[in-house]
Structure formats: C-alpha cells, structure tokens
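Two complexes, one shared chain (chain A), two partners (chain B, chain C).
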Partner chain A sequence: MRRIETEAIVIGGGATGAGTLRDLSLRGVRAVLIEKSDIASGTTGRNHGLLHSGARYAVNDLESARECISENRILKKIARHCIEDTGGLFVTLPEDDPSYHGKLIEHCRYAGIRCEEIGVREALRMEPNLNPEILSALRVPDGTIDPFRLTSANVLDAQERGASVFTHTEVEEILRDGDRAAGVRCRDRLTGEKIEIYAGIIVNASGVWGQRLSASAGIELRMFPSKGSMLIIDYRINNKVVNRCRVPSDGDIIVPGDTVSLIGTTSKKVDYDRIDEITVDDDEIATLLESGEKLIPSVSRARVLRAYCGVRPLIAVSGEMDGREISRGIVLIDHEKRDAVGGLITIAGGKLMTYRLMAEMAADLACAKLKAGKKCRTHRTPLPGSERRVDQARSVKFFTGIPNSVVGSTLYRHGHRIRNILHREKRNYGLICECEMVTEGEIEYALKKLNVRDIVDLRRRTRIGMGPCQGQLCAYRAAGLFVKYDSATSDESNKMLVDFLEERWKGIKPVLWGDALREVEFGYWIYQGLFGLGDVRFEEEAEKR
Partner chain B sequence: MIRLQNISFDHCIKCTVCTVYCPVARATHHFPGPKQSGPDTERLRIKSPELLDESLKYCTNCKRCEIACPSNVKIADIIQSSKWRYFKKSLRPRDFFLAHTDLMGSVATRASLLVNFFIKLPPVKLFLDLFFRIPSERRFPKYARGSFLAWYKKHRAEQEAFAERAVYFPGCYVNYNNHELGKDVVTVLNAMNIGVIVSYEKCCGVPLIANGYIDRARKNALLNINSLAASAAESGARIISASSSCSFALKHEYRNLLELDNSAIFDSLDYITRFIHERFLKGNLPELKPVRLRAAYHSPCHLERMGGVMNTIEVLKKIPGLDLTILHSECCGIAGTYGFKKEYYRVSQKVGAELFKRIERADPQIVITDCETCKWQIEMSTPYRVEHPVTVLARSIDGGKL
Partner chain C sequence: MRYDCVIIGGGLSGLTCGIRLAETGASVAVISTGMSALHFSSGSIDLFGYNGEGRTVYRPFEFLDEFVGSNPRHPYALCGARQVREALFYFRGQLDLEGIELYNNDESNHFHVTTLGTLKPTFFSQRSVFNEKIRLAFEKKSMIAALNFEGYRDFYPELAVINLRRNVLFRNIEIITGKIVYPDYGDPQRNPFEYRSVDIARIFDTERYLEELAVQIRNAASGAAFAAMPAFLGISNFKRHHKLLQELTGLLIYEIPTLPPSILGMRIDNALKSRFASLGGVYIAGDTVTGGSISGERLESVVTENGGGSALSAGSFVLATGSFFSGGLVSEFSRVREPVLDLKVYSDAERSRWYAPEFFPRRGHPFLEYGVETDERLNPKTGDGRRVKNLYCTGALLPYYNPIKEGSGGGVAVSTGYRAAELILEGNS
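Our next item is the complex of A and B:
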C-alpha cells in the first residue's frame, strides 16, 4: 500500500473538484485530487454546457441569476477557449403565456442582466432555422461552455503548479482520527492498487455521490437526485442558445455545442440507490423531440446522434431529512460546525458555470482551516489555453500547410496550447478522427499531458468518436496509438476498444432509427464482421479493466 | 450563417467508398477526397465558415463520388457550393475568359483563322503560360468560322416542315467550335424523320459554375429554361442536347446546385443518345451502312452520373461494322476548364493517365466519346482522333468517311 501525505485532498474530479484543486494550487497549497472514474465523467460531463446569463433563473431565483451573470463575465475572460460567446435568445411561441416576456425583462433588470427586445424578423435573420411563427424574441448574453475542456484545463493548471491527480481511483472510505477526518483510503480501479492519503483538510466535491461518501465518515448528508436527459443533433442547427420564453420546463433549450446542437432537458426524480443506473426513457426522447421541433422545425429532419442523461445533485441544507429545505444554490458545509467532524468540508449544488465561485468558497474555508494559502486569484488568472486570445486567421496562417479545418478545430479545443500540439510534421497532423478533425498530434499530447487512461478518457479531452460516426473509424486507430505511445499493452488496448464501443453504444441505443441505425449497422460490420472483436479473448490482466 | 437546404451530408455513414472512387484523390495527396471535403467538413463549415479548406479547389466536379455513394449524399454539390459560397471570387482574367465561353466564342468566331493561328504560336503560348497561367502544353480547340446558329438560320424552314420535331440545344462548343457535330445531329434526326428546332440562348453555365460566377450562371440558366420551355411548348417536342455536360447541367445542376426550378424542362429533356435509343427501340431505325472501324468508347463522368452510358452503347452497337471496345470507366481529367489552369494541369494529366494507357492498349482507329472536353483531353494526350457517337452514326447514315 502506498501512503501519501499532503496539505489538502479534493475528492471528485468534476468541475467543482478540479476548480478547487486549481484554486488551492494557485494559493500555494499542496493538493491531491482523487476521481473514481475520469475527470468530468460525473454530472459535469452530462449537461448541456450552457453558460447561463442568468436569465433562465431571473424570474424564480434572483440570487442564482446574479451568481450566473457575474460568473458569466469572469469565465469569458479566464476560460475563453472553453467558451463560445454565442449570445442567446428567449422566444415566445404562440402557445406560450405572453406575459412571461415582460416579466423576464423586468427581472433581468433587477439581476443586472442585459436583456433586449429584438424584432421577430431580426431574430429570424440571426437564427434562420427558428420557428417563423414566434411572437417575440429577447436577446441575452447566454453562451456555451465545454465542460470537458473546462475541467481538464483546471486540472492541467493545477498539475503544472505542483498538484497531483489520481483518476480511476475511488475513495472507499474517509478515515477518521477521533473527531477529525484525517485522510482517505482509495483504490486504483484499473490496477487494484491501494493508496492512503493524509492531509490537513479534505474537500468533498463528489457531487451527487457525496451522500454515500459522507456516510463512510459517519456523516449524514441527504441528496435528492433529479435526472435530466438530453439529445445530440448531428450538426449545428442553431448559432445561438435558443430558450423558450416561459417558466422553465421540459425541452425548452437548444444549445449549440462545438459541431453539434443539444436539446435539453427533462426533469425526473430518481431514487438515490439508482443514481448509477439511470438511462434515458422513451417518453423523454419523445418530449425532447416534440418540444425541440417547436423551437426549430428542422429538428425533425436531422439525425439524432445520441441521448444521454445526468443527475442534478440537489441537497438538503440543514440536516433535515424530509427534503423540505432543498437548496438549488451553492451549498458549502463545514462539517466541524455541522457534525463536529473536523478537517472535512463539502461543496455541492450550484451549476457547472458557478464552479469557480464554488471552488473559491471551498478553498477560502479550507485555507482558513489550514491557516495557510494566499488570496484567491482564479477570477483573474486565465486557464491554460486561455492565456492569450488567439486569432483563428493568424493561426491558420502560422500553420500553413495544415488544413484550416484541422487548425481551426485544434485551436477551438485547446486555445493557446495549440502551439504545444500542432507542428508541420506530416505524422503529427494526420487525422485519426475524421469527423471532429482530431490528429495524431493531439492524441499524443492528450496521452502525455492530460491524464488519459483509456479511449473514453481520450474522447473527453479531444472529441474523438463524438461525431456522426461515433467512433467507427477512429476508435481502432486510437487504440493503436495507445500502444504506439506506450500508454497500454496491445491486449489492454483491445479491451479499451471494446469498452469504448460499449460506451458509445449505450448512448446510441435509445435513438436507433434512420441514419443512426444505418451507421451502427455499418460499425457492426467493421468491428464484428471484419475484426471479429466480439470473439477476442482477453488475458486476465486486461480483463480487470 | 447556417443554411440548411442541402442536408444530404447528414445521411453520410462514413463508409469512405466515395473517396476510393475519386480520381483526384487518387492522383494527388493534396486533395483529401470527397468524404472529407464534402460531408465531413460541411459540418465544420456550418459551425464556422473559417474552417474552409483550400484543398476543396482540387475537386473537378466529376460526380464520380456521388455515383459511388450508397447514402445519396450530394457530395460534389456540397463541395461546389462551398467553393462559391465561401471562397473569394477569382479576379483572374484567365478565369473570366475561360468561364465566359459565349463572349469568347462570339469574338473569336469572327476572326477564327487568325485566332487559331495565333494561339498555336510558341511565343503566344509562352505568354499565356507566364501571364495567364494557362499551361503551354495545353492545346486549344479550334474556333469555327461564324456560328452554328447562323448556319441553322438558313435551314430552319426545311426543318420546321417535319411533322415530328425535337428542340436541340447545341451548346457553345457546337455553336463556336464544331458546327459539323451540329450538322451531324441534323443528319441523324432527319434520317429518322425528325426535324431539328435549334434553341440556343446562352451557355449552359458549366464553366461559369466551375469558376464561381454563380450569379451569371443563374441568369443564363433562367434564360435557357424559359427559351427551351417556350420552344418545346410550341411544338410539343422533346429537348435534346448532344453534350453530356450541357444536358447534365440543364437537368441536374440547375436544380441541385443553382437551386432553380427547372421543372418546365426537366421531364422533356434528354441527352441525345437516350432520345435516339428510345426511337430505335420503337422501330424508328434508319438504314445504316457499315463503317468498318475499330473504335474504343470512353464514357464521360457526367453521362455516367445521369445513367446515360447504356444508351450510347446501345446506339453504337446498332452501327454495322463498328468493332467497339468499351473502355473501363475512368475520368479523363480535364473537367472542363480545370485542365486549362496551370495549377491543376499536372493533376489533370495524372488523373487521365490511366485512361490514356487503356486507350493505347486497345489501340483503336478512333476513340468515341460524348463529351467535347474529354475529346480535347484525349486528342491532346494520345495520338488518337476522337469523335462523337452521333458523328459516327451520321457517317453510317450518309456513308461519309470517318
């Protein structure tokens, strides 16, 4: 068993945990992050990546709205390569209550969110695929945020400042030392190795899984999980975030995200014991398609790539167990005060886009307890990749000889760090994923720098396998590169390939009709018909993965 | 700005068959092929037009990829429309002259002897190469004296006397360069008791589309649709063209690429051998004399795209004494004005190399093909003479020498 001592432990590699790790590292506190799967594999990687302006919450929850607009402005500066400043529209359909429109304008004013009325014709010019029957439109500073890049950039920065990261490593128990939480006992899920880590402070940022984890330290923390499902459309059907101007409800947002558009979301209560088994239901798909079509009619003609869902971790604030006082905002718990267990704090709730604020709150408290660390700098210090604004046209020129589509896509994903990835050697920019323009160079970079342990992880760093073919052409090439760059044995890489395809299959299965069905059939011919992948027997070692 | 009219790219299942069949991708690694240039990067261009790749320009619009695609993706259309939607318009005088065949033709035919003489002179060639970037190796088609229309005017009355008539769209090549082919069309149809009504307003637009003059192409297209529809309505006749690329443009490019409504002519428009073959099948077969000739037939890409090759072959098979070798389907590489551009000349020749080899192996007395630019390319790159199927048929009818 390995034993590590450090100043702070962060449990959970979602945006909140990664943000906290970075915040601590920027303050000069030595920290270790432990994530049971991959970074951004929890709720962080399962939402629609809306950089809220706050308008969606303005009418019902002014405080959240204010948090949103303030973080919105900060993130546009420090995380510009993870963000697209698309702008957003709130449109009223003939069947919607027209009075919400005025209410929204008024509440946005209270919250300090710029919200301007624009003509229907103007809205249709901006968004040509919008339902032409809309009655009115408002423009708000919504944007989009890529959760994978955001989380990965936070982790990368922290690591560059000395933090350590353990992915695919699960905290099995929070170790108590009398009335203090002294450390954690974890297990590497790929190698089975046991590790014990001790620190002065433990930050529990394990999202909806926090209830389970706290229980291991004898602390009761009640979560009320609510599932939300989303659909991915093959290509961008809109340029701006399109919201329906009504009391927030199912299927009323369409968000453009990188090369695709996402329709979101539903809301369904789920039992806590089932949070690891949730899937998208047929009725949710029907609702999403139906409502999506009302906003953008061409939804009905487009290919749906996949369906996926995430769990909102709503949390009971004051130890009450009946769920009356559920908070939708940020929850920071000092367990020393609440449960008389020192050395442990929980940060939960909030939103993806308030991750930085949550991290700041958690790190403030952690530093106060450690009596160490400087002031928070995350609101001013740009993330790696966002150090400088990089002009696409200039980059394209700089990399003359490499196709613009490749340069542009790499730049979009890695911002300023493109200089660490692309160079004019042919092998470096050879395409591995042809749908999303992921090059061998980008994969090499991800394998060496971005804590990638399997192809699913690689997908989160690069978008490999996220395009229309869902990994059909790139997955086996990527598996080969793991071997080439010494990141896996060939047997392991075969197993990874199977796991990756299974993971893709899960998201495709609920939307198996039309072109997606033809695509899958073709993929099956390749992997089973040609490669016989289903018949490969793995050695025990690889099987463990 | 997103434009979602042509969303055929969404049906692509990434099988890559199109790229396997693309002659340009085979000839140069500078062109990543139809899959990547079409459906793959179209998604990216919808996201941001700046993700446009220069390599798109290598596509010749031969449409072979579309024939191969099992998902009916309009790959070449996607590439062509991306070219003119996103690239800056070419300001090269060369492209202007190559594209505006009508203008060039009407000027050159007035002084055809002079033009034909000058254009062959080495210093002129060198000049064109250096200042216009037209490769000096390239041979130009000869200009005729006067226009085909002028010839036809003198014969119109006799043609209108026929009970059955067909509307004939001669195209720039017949009008300015090769009157004989037009006359052969008249010979053949007359032998089948069909009069020829020539209707020619403007160039069909193929060179305009290829060089990005889309507004001009649309204007021409509208004029052609209207005038052809009017002529056809008058006589209740079918419309024919003896150029595979013109007929392809009139029928398909107008609709899919220029997004115009050509339903007024769509159903009545045929490439000539289809028209003739149908009549042959119905028993309207003129008396044919043996030609005693060993020929190799090359099928042009656009005729293949229309599914018209079979008609030409069936018509040729009726000609007694024609010993016909059907060449393996290959692109000749010229692609209209593409092979006239220095930057593409080498690729163009490399694309055609396989075809040239196969022709030489067949060692015919003549090569037969339906497309005028294929003819230029083959005549320039091999020692063989190239004739149009209708010309061969006409000689079999009038017993003239081939």
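Our next item is the complex of A and C:
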C-alpha cells in the first residue's frame, strides 16, 4: 500500500473540486485531488453548460442571481477559451403568462443584470429559427461554458503548480483519528492499488455523492437528488441561448454548444440509492422535444444525437432531515463546528457557474484551519489556455500549412495552449476524428498532459467521438494510439474500446430512432460483425498498468 | 421505359438476382442510390457461423438441413436448404468469371482473422484471406509477420496480435509485427497520415511501386513465412499484383479486413457490376426509387427521384434495398416502416424493445431482425394487407434472421436474391 502525506486533500474532480485544487495551489498549499472516475464525469459533465447571467434566478432567488452575474463577469476574463459569449434571449410564447416578462426586467435590475427589451423582429433577425409567434423578447448576458475544458484547465494549472491528481481512484473511507478526520483510504479502480493519504485538511467536494462519503466518517449529510435530462441535437440550430420567459419549468431552454444544440431540462425526484443508475425516460424525451419545438420549430426535424441526465445535488443545510430547509445556493460546512469532527469541510450545492466562488470559500476556510496560504487569486489569474486572447487569423497564419479548420478547432478547444499542441509535422496534424477535427497531436497531448486514462476520458478532453457519427471509426484509432504512445497495453486498449462503446450506448439508446438507429446498426456491424469485439476474452481485469 | 424486371437496390442481393435474370436474356434494370453494405463488409460471405447458443457451426449445410425445418420464417427456410447451396455455388461461379476466386473449405466453414485478431467462421473468402497454402503453412506453425504502413491510422496490428496469441489455434506460432513506409507517391499536398484503404489500394495497383514494396515487406517480415497485411493490396490489378508480390518476396501475403471502406468488399462489388453489365443489364446508379403504383395484386411501375416523374414499368420487381443502414427500412420515434411502398413490416411497437440494454449483448439486438414480412414466395403485403404478387423482397431487408448473431448476412443476401430470380423465371415459363 502506498502512503502519501500532503497539506490538503480534495475529494471530487468536478468543477468545484478542481477549482478548489487550483485555488489552494495558487495560494501555495500542497494539495492532492482524488476523483473516483474521471475529471468532470459527475454532475459537472452532465448539465447544459449555461453560463448564467443570473436572469433565470432573478425572480425567485436574488442571491443566486447576484452570484451568477458577478461570476459571469469573472469567468469571461479568466476562462475565455472555455466560454462563448453568445448572449441570451428570454422569449414569451402566446400561451405564457405575459406578466412574467415585466417581473423579470424588474428583478434583473435589482440583481444588477443587464436586461433589455428588444423587438420581436429584432429577435428573429438574431435567431432566425426562433418561433415567429413569440410575443416579446428580452436580451441578457447569458453565454455558454464548456464544463470539460473548464475543469481540465483548472486541474492542469494546479498540476503545473505542483498539485497531484489521482483519477479513477475512489475514496473508500475518510479515516478518523479521534475527533479529527486525518486522511483518506483510496483504491485505484483500474489497477486495484490501495493508497492512504494524510493531510491537515480534507475538502469534500464530491457533489451528490457527499452523503455516502460523509457517512464513512460518521457524519450525516442529507442530499435530495433531483434528476434533470437533456437532449443533444445534431445541428447548432441557435446561436444565442434561448430561454422561455416564464416561471422555471420543464423544457424551457435551448443552449448552443460547439457544433450542436442542447434542449434542457426536466426535474424528477430520485431515490438516493438510485443516483448511479438513473437514465432518461421516454416521457422526458417527449416533453423535451415538444417544448423545444415550441421555442424553435425546426427541433422536430432535427436528429437527436444523445440523451443524458444529471443529478442536482440539493442539500439539507442544518441537521434537519425532512427536506424543508433544502438550499439551492452554495453550502459550505465546517464539520468541526457542525459535527465536532475536525479537519473536514464540505463544499456543495451552487452551480457550475459559481464553482470558482465555491472554491474560494472552501479554500479560505481550509487555509484558515491550516493557518497557511496566501490570499485568493483565482478571480484575476487566467486559466491555462486563457492567458492571452488569441487571434484566429494570426494563429492560422502562424500555422500556415496546417488546414485552417484544424487550427480553428484546436484553438477553440485549447486556446493559447494551441502552441503546445500543433506542429507543422504531418503526423501531428493528421486527423483521427473527422467529425470534431481531433488530430493525432491533440490526442498525444491529452494522453501526456491531461490525465487521460481511457477513451471515455479522452472524449471529455478533446471531443473525440462526440460528433454526428459518435466515434464510429475514431474509437478504434484512439485505442491504437493508446498503445502507440505507451499509455496502455494492447489488452487494456481493447478493453477500453468496449467500455467506450458501452458508455456511448447509454446516451444513444434512449434516442434510438431515425439516423441514430442507422448509425448504431453500422457501428455494431463494425465492432461486432467485423471486429468480433464482443467475443474478446480479456486477461484478469486488474492487470498492472 | 419497360423492363422484364426492375430491381430496386444494387447491393449483394440485388446484383446476384440481376445477374441470374440477365443471364437468361431478360431485360433487367438495377436502380441504386449509393454504396451498398459490401463497401463496409469483411468481403467474406458468411453462410451460418453460430447456432442458437452462440457456438460455432462447423458444417453449415448439414446444420441448415435441420435448422430450416424448425425455423420456417427464416429467409433460408423460404429458399430451402437445397437452393441455398445452389445459390452460393452459383455465386462463386459468377465471381470466378470475373477473376475473383473464392475459397471454401469444402462443405465446412473456415475461420478468417478479424481486425482485432478474433476469428470468425465464414464460408467463402477471397484467396488472399484464406486458401490451402495458408492452411498448410498454418498447420506447420510457420512464423507470421503482421505488417502495416507507418502512420496508417486504420489498422493497429498490436491490438490484433494480443488476441491471436491467446487463441489456442495460434498456440506455438510466433507472431511478430513490423512497419513499412509509403513509397514516394501521390499528391504532396495530401497528408499520408490520413490515407484510407482506398488510397493505399491505389499504390498497390500501380506496378512501379511493387518492387520497392516487395523489398520492404521482405525485410520487415524478417524470416516469417507469412506476411499478414491490412486488406488494401489493390482493387483493379489486385490479382496480378498480389501474385507478383508473393513471387518477389517469396512470402505468402494475406489480407486482414480493416476499417471501412472495405477493399475486399469493393472487389466483389466491382466484379458483380461488371458481370451484370456484360450480360446486358442496365445499372442506374445514384438514383432513388421513391414510390410505385400498385393496382390489384401487382406493382405496375415505380418512380425515382431523378426520373422527372416518368415511371419505370416492368413485369416483375425486386426490392433489395437493405436494412436501416442502406435506407431499406426507416425508423421513427415509435415505429419502423418501409419507405418506398409502405409495405408491412415486422418489428416491435415498443421502442424500448428494439435494442438490448448492453451494446454487446449475448442475445443480439432485436432491431437487426426487423424487416419486410413476406410469404414463402418472398411476396410482401401492403400496409392495408394486400399481397403484391409480382414484387419480391430479398437480402438485408428481410426479417426473422439476425445476420450478426448467426453470421449469415452474405449468405442470406445471395440466396434470397437468387431465389427471387428463380421464382420470377418459374413464373415466366
């Protein structure tokens, strides 16, 4: 068994955990991050990627709205390569209560969110696919944020500043030493290796899973999981975020992202025991398509690429267990105060949007307890990739000889770090995933620098296999590159190919009709008919890497 | 325009049917939208590879004799075991005339090696994939070198070798891997790291590169008796150049199917089209049949996308439009339909039952078994239940078989295509 000592442990590699790791590293605190699966594989990777202006909350929850708009401004500076400043609209349909429109304007004013009334004609000019029947439209500074890129950039920065990261490593138990939480016992889920890590402070940023984890330290933390489902549409049918101007309810938003658009969302209570088994239900798909079509009629003709769902980690603030005091805001718990267990804090709730603020709050408390560390700098230190604004035209010129589309996509995904990725060498810019323009060089970079341990991880870092064909040919190529770059053995590569296809299948099967079914038939012919992948018998699962 | 027979869909099934009909002097037209499943297939023709329990079938005809009795709706049962055999050997004969030699292990299946080094039972393979010499060398446990071009992104021998080494059949056979480099070829603007099998096939089809390639192959094989290479050794000059390469290197060079496009399948596709044309058949490529007019129990004519409204009429019609993949079947939110004539389809009303929970299920995916329902004469019914007596449905469009689970795709396409032709000929005489 390995034993590691450090100053701080962060449990959970979602945006909150990654942000906390970075914050601590920037303050000079030595920290280790433990993530049971992959970076951004929890709720962080299962949402709309909406960079809230706060308008959505303005009417019901002024405090959240204020947090959103303030973080919105900060993120646009420090995370520019993860953000598209698309702007957003709130549109009122004939069937909607027209008074919400006025209420929204008023409350946005209280929250300090710019919210302008624009003419219907103007709205349709901006967003030609919009339902022409809308009665009115408001413009707000919504945008989009790529959660995978954001989280990975936080982790990368922390690692460059000395932090350590263990992915696919689960904290099985928080170890107590009398009235303190002294460390964690973990297990590498790919190799089976056991690791014990000790530190002066443990930050629990494990999201909705926090209830289970706290229980291992004898602490009660009640979550009220609520599932939300989303659909990804094959085309980018809108350029701005389109919100329905009404009291929040199912299917009232369409968010553009990269080459696709996304319809969200629903809200269904789920049992805590079932949070790892949730799937998208048929009635949710019907609701989303129906309401999506009301906002943008061409939704009915578009192909649905995948469906997925996430769990909102709503948390009970006090020890109260009946759910009346559920918070929708940020929750920071000092377990020394609340439960008389020292050395442990929990940061949960909030939004992707407010991850940085949550990280700052957690790191402030952690540093106070450690009596170490400098002041927070994350609000003014750009993330790797966002160091400088990069000019597309200049990059294209700099990389003359490499196809513009490749330069464009790499720049879009990695910002200023493009220079660590692209070289004017044919091998480097040869395409592996044609849908998303992912090159061999980008994959090599991800394998070496971005904590990638399997093809599913690679998809989160590069978008490989996320396009219309969902990884038909590039999955096999990626498996081959793991071997080529010594990142896995042949057996491991074949196994991760199975895992990738099974993972992809989860998102496709709820929407298996039309072109999706066609693609699946093709994919199954290739991987089973042609390759016989389902017949491969692997050596012992837990082979050493 | 009037033909004796119009065939909708020019894949393996439609072309087999077309050749058989054209051979008798009938006027036949094949209309086909685009590439067929052959362009993606392994290029081996599977007959029956796995029984209901997933165990390998070694003697497929013997197996079929019993099987058709207990599975009366299976396409092979509609053909009859005897005609399945007739069809397959007819097919082999036709390809032979076009210079493509198919190998079969007498009455038994043989195994071909897949991209991932698993083995698949199949009935016919091209001689570059399997033949007696390969079998002998294999029995002598000769060393194998799996070779690939440096930077070819569609084949990774390491991923195959690990599985081969584990297979009992390959026990005590030494397998090495090796790399060769592209000869100075083609357009300097193109990135060789993006070459596909078709680009490389072009290199092998060009005689002047052969010697250089032979030297490289011999060196990389470092003493092996076989060189296994991804299936990209040429299309148009394949037969001659393959022979030449073997002479120049003194090695047995054989091919492993890899990612699409399938060179092995394209060779068959070319041969079938060429054979069909030499018999006077008319192949209309790049057009899609969009509908037809049925009166009484007969399909009178069909119209096409590019036909400008003018109808194609014929005495009989064959629908060989393939499965979902080729557009022969279309699925919507909650139903499966046949898009050309809205024929009656076998499927499940509940979408959640179309597929298995895992991507690699033990029992296969149900949607692969959907298709246009027919009677024993391959005649379908319209949506409102009327039988269409001069329309025959064949190939991947048919229901009640699972090509992947059974390992029967190619065989069903060939034998039902052939069967339709025989039924049409019977009706005419």
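The rule is short, and it goes like this: the second predicted complex is superposed on the first by the 540 of 545 C-alpha atoms of A that agree within 3 Å, B and C clash if a C-alpha of one lies under 4 Å from a C-alpha of the other, contacts with A are read in each partner's own complex, and residues count from 1 in each chain.
Just so it is clear, a residue touches a chain if its C-beta (ideal position, glycine included) is under 8 Å from a C-beta of that chain, and two chains touch if they have at least 3 such contacts.
None of these values were measured; they are calculated from a predicted model.
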item	value
Contacts of A:98 with chain B and chain C, given as first, second, both or neither	neither
Which of chain B and chain C A:473 touches, first, second, both or neither	both
Contacts of A:522 with chain B and chain C, given as first, second, both or neither	both
First (chain B), second (chain C), both or neither touched by A:301	first
Contacts of A:493 with chain B and chain C, given as first, second, both or neither	second
Touching partner for A:28 - first (chain B), second (chain C), both, neither	neither
Touching partner for A:258 - first (chain B), second (chain C), both, neither	first
Of chain B and chain C, the chain that contacts the larger number of chain A residues	C
Interface residues of chain A shared between complexes with chain B and chain C	431, 473, 518, 522
Of all residues in chain B, those that touch chain A in their complex	1-4, 7, 9-16, 32, 35-36, 40-44, 46-48, 50-55, 71
Chain A residues touching chain C - in the complex, by the definition given at the top	282, 426-427, 429-432, 440, 473, 476-477, 479-480, 483-484, 489-491, 493-494, 498, 501-502, 504-505, 509, 512-514, 517-518, 520-522, 524-537
Residue numbers on chain A that touch chain B, as the complex places them	128-129, 234-239, 256, 258-259, 298, 301-303, 392-393, 396, 403-405, 408-409, 431, 434-435, 437, 467-469, 472-473, 515, 518-519, 522
Residue numbers on chain C that touch chain A, as the complex places them	37, 40-42, 114-116, 118-120, 151, 153-156, 158-159, 161-163, 166, 191-194, 257, 259-260, 323-325, 330-334, 351-352, 354-355, 357-360, 365, 367-368, 403-404, 409
